[in-house]
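Given below, in the form of structure tokens, are the structures.
Common to both upcoming complexes is chain A, partnered first by chain B, then by chain C.
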Partner chain A sequence: MSQAADLPLWAAIAVSAFLLLGSALALIGTIGLTRLPTFYERLHAPTLGTSWGTGGVVMASMIFFTVTGSRPVFHEILIGIFVTVTTPVTLMLLAQAALHRDRAEGDANVPPSATAGTGAGKEAPAAGTAD
Partner chain B sequence: MSVLPYPLLSLSLVLMWMTLNSFTIGHLLLGGIIATFASWGMAALRPHKPRIRRWHLLPYLIGIVLYDIVRSNIAVVSIILAGRSHRQRSGFLAIHLDLKDQTALAILAVIVTSTPGTAWLEYNSSDGTLLIHVLDLVEEQEWTDLVKNRYERLLMEIFE
Partner chain C sequence: MSVTILYYALTAAHVMLSVAMALALLRMIRGPRAQDRVLGLDTLYVNSMLLLLTFGIGSGRTLYFEAALIIGLLGFVATVALAKFLMRGEVIE
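Showing the complex of A and B:
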């Protein structure tokens, strides 16, 4: 990393700030994953890593390579876009699986399926995925 | 069949091609050819074609979503770090959506999912009920208002 020595002070501060912010958010997200008690609450924790966790690291990368590479580098922004757009797919799969399991077990804390009116814990396929 | 059945898709593909490679004439041509063929392939699948009616509201939507993501990141971080004193406040919330456009619903799903603290669980397209899980469900009405008034109304203006 000989390039890093050429980095002006303002860019070094900005890069480290964004890098620390992003990695701290990802770390807090994983801490939340272990500490939150129920499955549905644990769903929320990793989204810290997929939103501003990724965002911070991507910003740091863009600033670093733009300043050291002397031409604008922003293809990292595609990482952010694709992570954001694909996260709902996995999250919905996990959520649907969890809802199906809890309803089949007759968990009273989980709201009944909206599809069948009274159909709590039916074998009905998980209707109503997005789109 | 027109030459470019999905102009927006083709444009995004060209832009993506050039960001990944470089902004030169050569890559503009190459990316243009690839994007044209890709959009023909897409046309063969006959997907639902979104119709964006009010372009000028898109930057506004992106702006408020980015702001909300920052705000909810802070909120979720404080909940996780505060630890056990904050328990028993999360819960399910059913919201009736008037939004019907598929693309708009997909965008709403991305918004709800990417803001930490809310998770899209289930959407029932026959009666338009959306089930979300909220980590900090103190005021149910507040969260319903957030989805209904802040996002849904704007998405309906843009797409319907």
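Showing the complex of A and C:
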């Protein structure tokens, strides 16, 4: 809190608003992760925290260090870009893995593979039942 | 005045992100299957990264930024490796 004393009022309000927005969205996303009933619904919830949750906190950090340092600070945007780019990749891989495991166990709640019966959809044997 | 506003906003952000980390940990412990645990771990990584960024704003130092960047990178690699393990049964083929 040493540098916050010379922060102008508008900057403090902007930083606080972005901080509260970001952390509230991260909390809402994680509540959804805890409460939604099936895995494929739960997969959507944390993306609240990785899109605007990260965006809000990164924006607050950029405004704070730009105003207190009196020079533009942009390196926080690296985290924002990185998280925005990598989250769809990881969650898509995780969804494919979960779908593969559900199909291997013959779960009736997931649709069958589009290439089933043609032999083209033949994949590696199922992973261990590490529940 | 601005110190007071920032203090209360930072405290609220710390509390909300800590509760979010606890809920992600709850999902990681409760399961019920392996992919739920991996998703909980990924959310835990993201929430701890955001918590470190708010610590950086509170202390006014850029030291926390680098820790947050490294946590983001490691979270990506860990989740991809675990998803590949769930799919194939091994990480490096």
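FYI, the second predicted complex is superposed on the first by the 115 of 131 C-alpha atoms of A that agree within 3 Å, B and C clash if a C-alpha of one lies under 4 Å from a C-alpha of the other, contacts with A are read in each partner's own complex, and residues count from 1 in each chain.
In this section, a residue touches a chain if its C-beta (ideal position, glycine included) is under 8 Å from a C-beta of that chain, and two chains touch if they have at least 3 such contacts.
It should be emphasised that the depicted structure is a prediction, and the values quoted were computed from it without experimental measurement.
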Chain B versus chain C as contact partner of A:60, first or second or both or neither: second
First (chain B), second (chain C), both or neither touched by A:31: both
Which superposed partner A:88 touches (first chain B, second chain C, both, neither): first
Touched partner set for A:43, first chain B, second chain C, both or neither: both
First, second, both or neither for A:52, with chain B first and chain C second: first
Of chain B and chain C, the chain that contacts the larger number of chain A residues: C
Shared chain A surface residues [contacts with chain B and with chain C]: 29, 31, 43, 50, 75, 78, 91, 96, 126-128, 130-131
Chain C - residues contacting chain A, complex: 1-3, 5-10, 12-13, 16-17, 19-21, 23-24, 26-27, 31-36, 38-40, 42-43, 46-47, 49-50, 53-54, 56-58, 60, 62, 65, 68-69, 72-73, 76, 79-80, 83-89
Interface residues, chain A side, partner chain B - complex: 25, 28-29, 31-32, 35-38, 40-41, 43-45, 47-48, 50-52, 74-75, 77-78, 84-85, 87-88, 91-92, 95-96, 99, 110-111, 113-115, 126-131
Residue ranges of chain B in contact with chain A within the complex: 16, 19-20, 69-70, 73, 76-77, 80-81, 83, 87, 90, 92, 94, 102, 105-106, 109-110, 112-127, 129, 131, 133, 135
Residues on chain A engaged by chain C in the complex (per definition of touch): 1-5, 7-9, 11-13, 15-17, 19-20, 22-24, 26-27, 29-31, 33-34, 39, 42-43, 46, 49-50, 53-54, 57-58, 60-61, 64-65, 68, 75-76, 78-79, 82-83, 86, 89-91, 93-94, 96-98, 100-101, 124-128, 130-131
